[in-house]
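Chain IDs A, B and C follow the sequence of writing; residue 1 opens each chain.
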Amino acid sequence: MTNASSTTAAAAAAQATVVAPLRSRGYWATVWLRLRRDKVSMGCAGLLLGLMLMALLAPWLAPHDPAQGVMSQRLAPIGTPGHWLGTDELGRDMLSRLMHGGRMSLVMGLLPVFIAFVVGTGLGVVAGFFGGWLNSVIMRTTDVFFAFPAVLLAIAISGALGAGFANAIISLTLVFIPPIARVAESITTSVRNLDFVDAARATGAGAFTLIRVHVLGNVLGPVFIYATSLVSVCMILAAGLSFLGLGVKPPVPEWGLMLNTLRQSIYLQPWVSVLPGLMIFITSLCFNLLSDGLRSAMDIKR
Amino acid sequence: MFAFIFKRILYAIPIALAVAAVCFSLVHLAPGDPLTAVIPADAPAEVVAAIKQAYGMDRPLVVQFGAWVQRALQGDLGLSVATGRPVMGDIALALGNTLLLAVAAAVIGFGGGIVLGTLAAFFNGRWIDKLATAIAITGVSVPHYWLGLVLVIVFSVQLDWLPSMGAGADGSGEWRWDWAHLQYLVLPAVTMCFIPMGIVTRTVRATVAEILNAEFVSALRARGLGALAITRHVAKNAAPTVLSVMGLQFGYLLGGSILVETVFSWPGTGFLLNTAIFQRDIPLLQGIILVLAMFFVALNLLVDVVQTLLDPRIKRS
Amino acid sequence: MNTPTPSAPLLQVLDLKKHFPAGRDFFGRPRQWVRAVEGVSFDVHRGRTLGIVGESGCGKSTTARLLMHLIEPDEGRIRIRGQAFGHGVGRHPLTALRKHMQMVFQDSYASLNPRLTIEDSIAFGPQIHGVAANAARALARDLLDRVGLKPDVFIRRYPHELSGGQRQRVNIARALAIRPEIVILDEAVSALDKSVQAQVLNLLAELKREFDLTYLFISHDLNVVQYVSDEVMVMYLGQVVESGPVAELYSRPLHPYTRALLESVPAQTPGERRQHAVLEGDPPNPIAPPAGCRFHPRCPHAEPVCAQQVPALRRVTGQQVAACHRLQPDSGYSRVITFEELPA
């Protein structure tokens, strides 16, 4: 067994030398090259791109008005001519509503993570780079937020603020800032202690320049991967808030809210009712797989 | 090591206080007056003032917070604005149900995760590994409230095997250990077990695979130790990491059950929280969040202590 | 190397001190202090190379980082051409100090930013000091050529695409880019293969002549130090125990520690190799250094006075100075010997 594994290690090393001469290609170019070879990731990326285009172009692509229902055609089954994915409890076309619903759901899944990425990285880098009392203040504050399970925190803040799109975004952002700040802080702390930062400091560069040129370039990548892994959590949480009635308000189409209203109809038209959830599932699965692919693409052995 | 444990326990005190402060401030996050739910809109000013005084809301915030913490320590979390009953009683009842559900989900999820993860690590790259990886990624990607709905459709609506709502046919909310009650537990527990199962599978797979690749395992194999002995060594070395992940996941089960409890109308803290939110019953909301967060703080503490005891290599400062 | 020593030293270091906190008590106050550097003083004249030697943990690398103010010294003065820098002088002179003095680190990989091209790494320093981007890039090409790397081949490469020797040449170019007078070489060739080491040492000698540089050469490798240095300073547990011109110090070491250190170097001919270890045991813990002379627990000549009084660094002969009671007539040591009595 020892022998076998050392042989495979040798084979892997040989293979590595074949792959290695990626001469003079920047880090991100190398990552992109590696990611392009990963079929699962590219499939997910394609699917997500399609979903985003569908959501973006919904007003032009959707066959029906998502807000206009025909009461005589309530809860039509999947496959009904004219309504291929059926209709909801108010007789509105499901396909059109799902297309339009993607807009809110994607925004609510991506925007909080994006804001949290910017703010959390900022806080984490400042805490990690300067250390001392600044670090203590920032990191001990994030510790407090870590004392709440994410779902509970999001629902508590949303519940206290009240329903609505803006409040949902605020509560979700607050949930994701502490974990991102923590990751950014720990990476910054380890980067700060590397010799090249000292060498740059020895040239007389100020803190701002050091962070901009030497720290951020080495911190943003790993934090970005971490943030992408949170997008699927955020999608599920955001739709969950809407599902509880804490997200967007009707009649705005949104997958979580649609799932909530269609819950009453599971005895009548079960398979139409599960469609919005299926969309959330597919999207979040794609984000997760893409994040995993990105992680291994960025894990370049020196 | 014991110095660390002692320090860690002491550190939990300011955290708990800060958590209490966050819960307390939730009232002031809420738009409008926290008493809008009880005071009629056309109430005269002196009535409003009298009610405020009765609730102690005319005093400075810090004093209110101090009094609130003091009462909370004695188990008094105030009166529900909606029902007028003490909040603590309702929460205690609901907490029992939530714990029951969380334990059931944890048993299924952790057990499944350990088995799947271990198999995946031992059969690295084979079909069983791929299956485990697929289950793991599905577990963390699926919106569990939707999964619950799908299970209800299949097992309640279509097959009519299991009930889909509540925690007992008589609606009393009182739990008994018989099939008449247990059948209500099956669907919500299975729904909730998927996230921890996914995460535990991932962790176990990664940890065990790393240990199997370590040199000392090769040495054990070279010495001719059997599969059982090697498994024991692996288990001993994987335990600290896996246990800490499971501890956190149990905390998430307790705090994250609100959506699933809502789907199944399971009379736990999550369901109660949902009620509190829609009746804008802020004392009840505050109380539930506080109790659940304190549970989570205690659990985190326990995980850290157990991990330190199990793995003396961990040096903490 | 026989230039007459100018009267005023280029670099003067006076009583440099740094204690690091070790272990904290319950309230976060340091429980103990590691006395990493304890009152180090020395002068370096322009155009010379001062070698600093000692076992690992003796404080030689900390001294380098203190000089660069990468670590803030607790005490001490640094003067370049008589002008004081650093401690208590205010913020601005630090940038000026860094224009006079640069440093090359041991780990050639860790000291280059993996996300920057070679060009960007070298051009970074000049840009900090106000050189325009284009001029800085031209300078980078120039220096790369000067350290023996073809600019067209290397300028756009990333650190991981270079060998250790090539990377260290880049680090040297980077250090020279802001035209320092003094370059600190902290174990700069220690991690390289012997053949590469020789090439880099030759390059350093050429650059020194061409750019009129002054070197502080820190190394644990006594052979290399002998080869490159004009003067040598020996450190033990954060203190200087001996210093002097290289030829004298190597031919007749004064301090028992220097003697032991030199004797532990394997001889070139097998017949002359010693059979037993000269220095026994590890250096004592710098958290609680021995009282008196810090070397006395390992010293073959130790007497009671060595455990009680700290020996001062004093001139013994010529330019050789040492901190040892055995060589100081008024120290209270019973068997004081003179320089002439010391075996070669």
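A few notes on this one:
By our rule, contacts are C-beta pairs under 8 Å (C-beta built on N, C-alpha and C of every residue); 3 or more make two chains touch, one makes a residue touch a chain.
Only a predicted model underlies this, so the values are computations on that prediction, with no experimental measurement involved.
Chain A has the Cα centre that lies closest to the mean of all protein Cα atoms in view. Among the other chains, the CA centroid farthest from that of chain A is the one of C.
Each chain gets a centre from the mean of its Cα atoms; for chain A and chain C, those two points are 50 Å apart.
If each chain is reduced to the centroid of its CA atoms, chain A and chain B end up 23 Å from each other. Chain B and chain C have centres, each the mean of its CA atoms, that are 57 Å apart.
Residues of chain A touching chain C in their complex: 23-24, 26-27, 194-196, 198-205, 209, 213-214, 217-218, 302. Listed in rising order, the residues of chain C touching chain A in the complex are 65, 68, 70, 94-95, 98-99, 102-103, 105, 107, 109-117, 121, 124-125, 128-129, 156-158, 160-161, 171, 174-175, 178.
Listing the residues of chain B that touch chain A in their complex gives 14-16, 18-19, 22-23, 26-27, 29-31, 137-138, 140-147, 149-150, 152-153, 157-158, 213, 218, 221-222, 251-252, 254-256, 258-259, 262-263, 273-274, 276-278, 282, 285, 289, 292-293, 296-297, 300. Considering their complex, residues 1-2, 5, 140, 143-152, 155-157, 159-162, 232-233, 236, 239-240, 243-246, 259, 263, 266-267, 270-271, 273-274, 277-278, 280-281, 284-285, 287-289, 292 of chain A touch chain B.
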